[in-house]
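I've put the structures underneath this note.
The following pair of complexes shares a single chain, chain A, combined with chain B in the former and chain C in the latter.
So, the complex of A and B:
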């Protein structure tokens, strides 16, 4: 019994002048109550599968094969049947929930529309059902939220509403297209749990589309790996994710950074764009095990002997464990010792900085940073982690001199970049020169390049501002291009012609070209595919290792920070709750918040017992209020009266420092929580 | 509540704006070459006659004095005396604002409805025959000069078909309409005068049609463009992928989202329509505000020009205020 069964589905898109084979012979099935993960890089055809299932293929596409839902074939439905099939049969949760919710209709009405269409409810009954649905997806004060508009919701809340809209159609199959892109670890976990819940309690089939293997690993029953429109491997999640046999799945997994500290291995190259169904293995160009057979014949999909439902399309299945053959992690100890031995003048000094965004009228405002103190020496790399809304980006802006501290001081390479209380306001040429000492690498690689300037212009811009001659500029630009492993021909191109990975290399080149003392990376990889992310992380690790430069690496993805940061700072609601050497903080977290973050971080492979002592936070970030006392008190399962009234200062616990007075008791407390949940 | 506060604040802002308009209109009309006194006296008048006439209208006084006199009059509701006719500008204007406003308001309202219906219809059939013909029709209507279109409509509607009354006024005088506001259709309805209502409506058809054809094109284009944008938006695709019925999609997800951007354009079009009435009123002998203001300008009738500029400015500001409020009601993202 299957909800969805796709048999030999091929989709070709014909447009004037070009043809793309988006899917070539894809087959898999989803059973009721089962969560199936569809993974692969972007361009692999994941969204095309989703579109084919709801019958919304783009114009000019030609589909063959079967997409069976129940006993009807979606590809052969007429308009009326399709309309009934959409929503009732299959409902999609879209990637960008805030964009997918109508901006001019209250979310309650949007849900009622779905209930009215598919479940024949009306009036008060539909509204009541809508409220209940909101509650089941974890929206608190649901009654009030019914009258909210999409723009009033946070990203996580919007995704919950989107899930409620999709389940409100009472579909047999729920499709989620990259549902957690842009969400931080704690929310990702929570949202993915909603899909597991939909499968377990309502017996729906769930098709979970994601490029991020690690995060969906926990909730999936089975995994289907797509590459260039073909299924390369599929099978039970535990097997495929732990001991993948296909070289592509292995490459994909090795690109994912892990909080456990396993080194990332980047896979060179990019996915080919096929114009017709391949007659060889599409991965052949990037595969280390490829031989002549691979480039002449397309491997058939065959079950793995003794693997049950496990099947793959490869002539050379791999059986070794994933980590074998990877080089040992570079000796980070050496570097740490060196920086400890001869203290140099700090590149970045932040002293008790507060940032308050005032509201436009009257008093009040948003207290984004509350007393942050940092010191960073040349050659050091600082990781900054926390949920969205914790003040990470404000910290980046503060360091760059893009916001002024309301109180406290910020010094970069001995100078102030912005007017600060009690110090002369930097101006004119001195300010411009001081600003060249710190550079920022942005989250959105293409959006942060001017669309009307060539790449060469963009990279050379900091040099022009510094007043270098054209010859000097050219020399420096070519030097930095070589370092970024970019081809010279890219200089004449425009940002829209670049891939995400290339654009981010250009962004890093632009930051690097003026040889600044400090580079701030603001979530530089969160908009990229996993394999590209691995390549960019390599580049960043290389840049961050420069001995005369300090780096700040901001990320909500803990695993990316672990790779190359020396020290890590955990921010929560504008306060530093824990800081210390990266391995110490990650291996022996002290603060309950750090424990919770690490506990939510996706993990591949077996979860070891030592990490079992994770902390579950009680509520979402947006409901927490940091008026007095410990900012985490509202969400912390161990909060006492003292926590709610007394402000917590950083105290030393071994090599790291944490702002929590209960740290010594925590292991015992966590043990108790595990026993009586 | 927030909207009310916004309206009050904007109405308070109206005071300095209108004051600025008063000063500018007062100065600019005097900078223009031409002498209002000469234009009423005729060719044989002597310098003494002219001086006497100037003294009669207070034009011999210093500029400051004239301005303060005028401003003092405005505060008491006195717009001054027309140099040309010798009558009170206030009462002359009262007779003429009504008919023109009636014409413009009906035309713009009608144009908005037509633009919304056709624009959305057109967007749903984008790049098909119906869509193209509507857009060509709108473009042609927009390109044809209004006075010519008016003449053609008179020729067809009155001379050939005889369906509509001659372009000789706003209502049949035989129906015995008692004027209240000056807007004849409104007056006829208010006084429950059946024949007058029918007659006023019949007289309105051709001038309204002329104006509508003139202004509908930009509105139509805007509605079509934003409807297309909504139809291609992710949120509409999501609603569609969840299998909502066409009716629900249309009313809940397309209409309001499409109309969000219309009010500000509609306010601009309203302003253009006021300007267009000058010629349309001439063609249909409407005896409205536009004709009156134009004659005042031609004869340098200072008080008339000043009063008409002030009224037009007031109209603009109020219409934009209404547009902003409507926009805020339509679009929940707008904060007033």
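So, the complex of A and C:
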């Protein structure tokens, strides 16, 4: 008995001048009460599957095969049947929940509308049902929230509302298209649990679409891995995760950094864009195990011997376990000792910096940074981590001189970027010269390149500012291109012609070309696909290792920082709550917030032991108020009256420093929490 | 295609086709081609006017005033005995020339003002935009009348008049574009690469903010042509004996009442065709820009 059964589904999109084989012979099923994860990188066909299931294939699609929901084939439904099918048969949660909610109607009205349409409820009964639905997905003060508008909700809250909207119609199948992209780690876990809950309590089938295998693995029963529109591997989540047999699944898992410190292994190349159904293995060009058979025949999908439901489309299944949980190489410690021995002049000094964004109306303002102090020596790499809204990006802008501190000072390579007491504010050419000593690599690789300037122009920009001649510029640009392993021909191209990975290499090339003293990487990989992420992390690790330069690596993802940072700083609501050598902070976190972050980070392989020590924060971020006392007090399960009133300063605990007075008592407290949840 | 979708449980091998994939930008391209062709014909007619007509622009055939179309005067003559066909051709030079020059001037001035106001903001933005507000608070044609009356007749004055009326719209358009572009990461990237404000404006913001201008300008050319004709019709534009469509319509208006339609209808048609050309071109460009954005 299945809720959804997709049989040999192929979708080709034909438009004048181009043709794309979006899906080629995809088959899988979802049973009631089961959570199935559909994973793969962008372009793999995940969203196309979702579109086929809800009957929203794009214009120009030619589809063959069947998409069975119950007794009927969604591909061949008429409009009336489709209308009934959407909602009652299948409901979908989108990636951008705030965009999917109507901005001019209260969320309560939107939910009541759905209940009226699909469940024939009306008036008070519908409103009562709506309140209950809100409570089930974990929305506090649900009665009050019913009258809220979409813009009043945070990302996590909006996603909860989307889930309640989707489940409210009592669908047999719930589809979630990247439901946690853009959410913080602590929230991701909570939202994913809601889907597990929907499957367990109401017996719905859930199809969970994600680019990140590790993060959804925990809640999935089975996973289906898509590559270039084909199913390469599918089976029970635990098996596929622990010992994936398809080289692509293995590449996918190895590309994701892990908080345990397992090294990232990059896979070269990128996913091909197929114009017709492949007659060979689509992964052949990137596969280390490929031979002639792989490039001439398409591997059939066959069950793995003794694997139950586990099946695979590969001629050379890999059987060795993926080396998850290997301890990190000890190289980082040597490096730390070296920098400690002979102190060099600091490249970056941030002294008690505060940044307040003034509100345009009224007297209020947003306090983005509250007294941050940093010092960075040449050759050092500092990791900065924290959830969205913690001030990471403001810190990057502050260091780059794009934002002026409300108080405090910032010095880059001995030159102040903004006014200091007794010295005039640098202006004009002097300011521009000082600025080029620090360079920024942006989160959005394509958006950070001027759309109507060639790549060559963009890379040479810092050299132009430095007043170099065209010949000198060309020499430096080609040198940096070689280092980024980019072809010369890319110089004449425009940003929209680049892939994300190429664009980010260009971004790093532009940052490097002027030989700055400091490079700030602001979430440089979060907009990229998983295997491309690993390639770019390799490049960044190489750049960050340059001895005469310091780097700051900003990320919401703790695991990426562990790879190559020497020291790490954990930011929370504009304050540094913990800092120290990277391995010390990761292995023996002190602050409750750091513990919570590490606890909710996805891990591959068996999750034994560490979970018992994790701290669960009690509320969502937006409900916290950091006006007085410890910024975490509202969410910390161990907060006392002292926490709420007393400002917490960084204190040394072993090799690291944390801003929490209860650190010595915490292990005992956490033990107690684990016993009585 | 609709039949295919309604077959319940039809053979799985027969493809289900979703219509609608083959239309992006094709209609827009046709509009662009049509508009550009019309305008090319008009432009060629203007350039080769001496070859297309045996009569000069202001040549008077005193013996044949108000003759009907046919014979040696293809479209007849007006009350002064001037050949309508050749005047319609020669008028294209003035009408096209003034409209294009006026819009070009408006684009240059408006874009510069918009760039500066949008990028620097603050009091400069406030002052510039209030001036723009003043210009835009008058109905445009009334404003054009006032400016034309103030500046007086003459080709240059007409160009300045029409440009002055149009520039504020470009200033607003570019300012809005710059204000949204300024928030994008590539501007921060240019600043952190050490680019000066002039460099950021000239190399990064200007090329990127011109997209909407490219779409609006052709539409605006049609409008500029109508304004010019309107001013001339009212005697504030080009004056007799120079050939200009609006002035010709005005001159012939009295004769039309007497049944001599050929004095006013040909210049009116020429004006109509020209404005249609610009509209098709502008609309086509707009549709194509929208199709690209999707």
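The criterion applied here is as follows: the second predicted complex is superposed on the first by the 657 of 677 C-alpha atoms of A that agree within 3 Å, B and C clash if a C-alpha of one lies under 4 Å from a C-alpha of the other, contacts with A are read in each partner's own complex, and residues count from 1 in each chain.
Note that contacts are C-beta pairs under 8 Å (C-beta built on N, C-alpha and C of every residue); 3 or more make two chains touch, one makes a residue touch a chain.
Small disclaimer: the values here were computed from a predicted structure and weren't measured.
Once chain A of both complexes is superposed, is A:99 in touch with chain B (first), chain C (second), both, or neither?
Once the two structures are laid over each other on A, A:99 reaches chain B alone.
With both complexes superposed on chain A, which partner does A:453 reach: first (chain B), second (chain C), both or neither?
second
For A:439, using the defined touch cut-off, is the partner it touches chain B, chain C, both, or neither? Pick first, second, both or neither.
Second partner only, chain C.
Scan A:477 for contacts with chain B and chain C and give back first, second, both or neither.
In the superposed model, A:477 contacts neither chain B nor chain C.
Using the superposition described at the top, determine whether chain B or chain C touches more residues of chain A.
C
Report for A:77: first if it touches chain B alone, second if chain C alone, otherwise both or neither.
second
Just checking: does A:466 make contact with chain B only, chain C only, both, or neither of them? Give me first, second, both or neither.
Only chain C is touched by A:466; chain B is not.
Under the definition above, what is the set of chain C residues touching chain A in their complex?
4-10, 12-24, 26, 184-186, 188-196, 199, 203-204, 207-208
Can you check the complex and tell me which residues of chain B touch chain A?
Interface residues on chain B, with respect to chain A: 233-245, 248, 252-253, 256-257, 260, 330-333.
Mind listing the chain A positions that touch chain B in their complex?
54, 56, 83-88, 91-92, 94, 96, 99-105, 109-110, 113-114, 116-118, 149-151, 162, 165-166, 169
For chain A, which residues are in contact with chain C within the complex?
7-8, 13-16, 57-66, 72-73, 75-78, 397, 400-402, 428-429, 432-433, 435-436, 438-440, 442-444, 447-453, 457-458, 461-462, 464-466, 507, 510, 514
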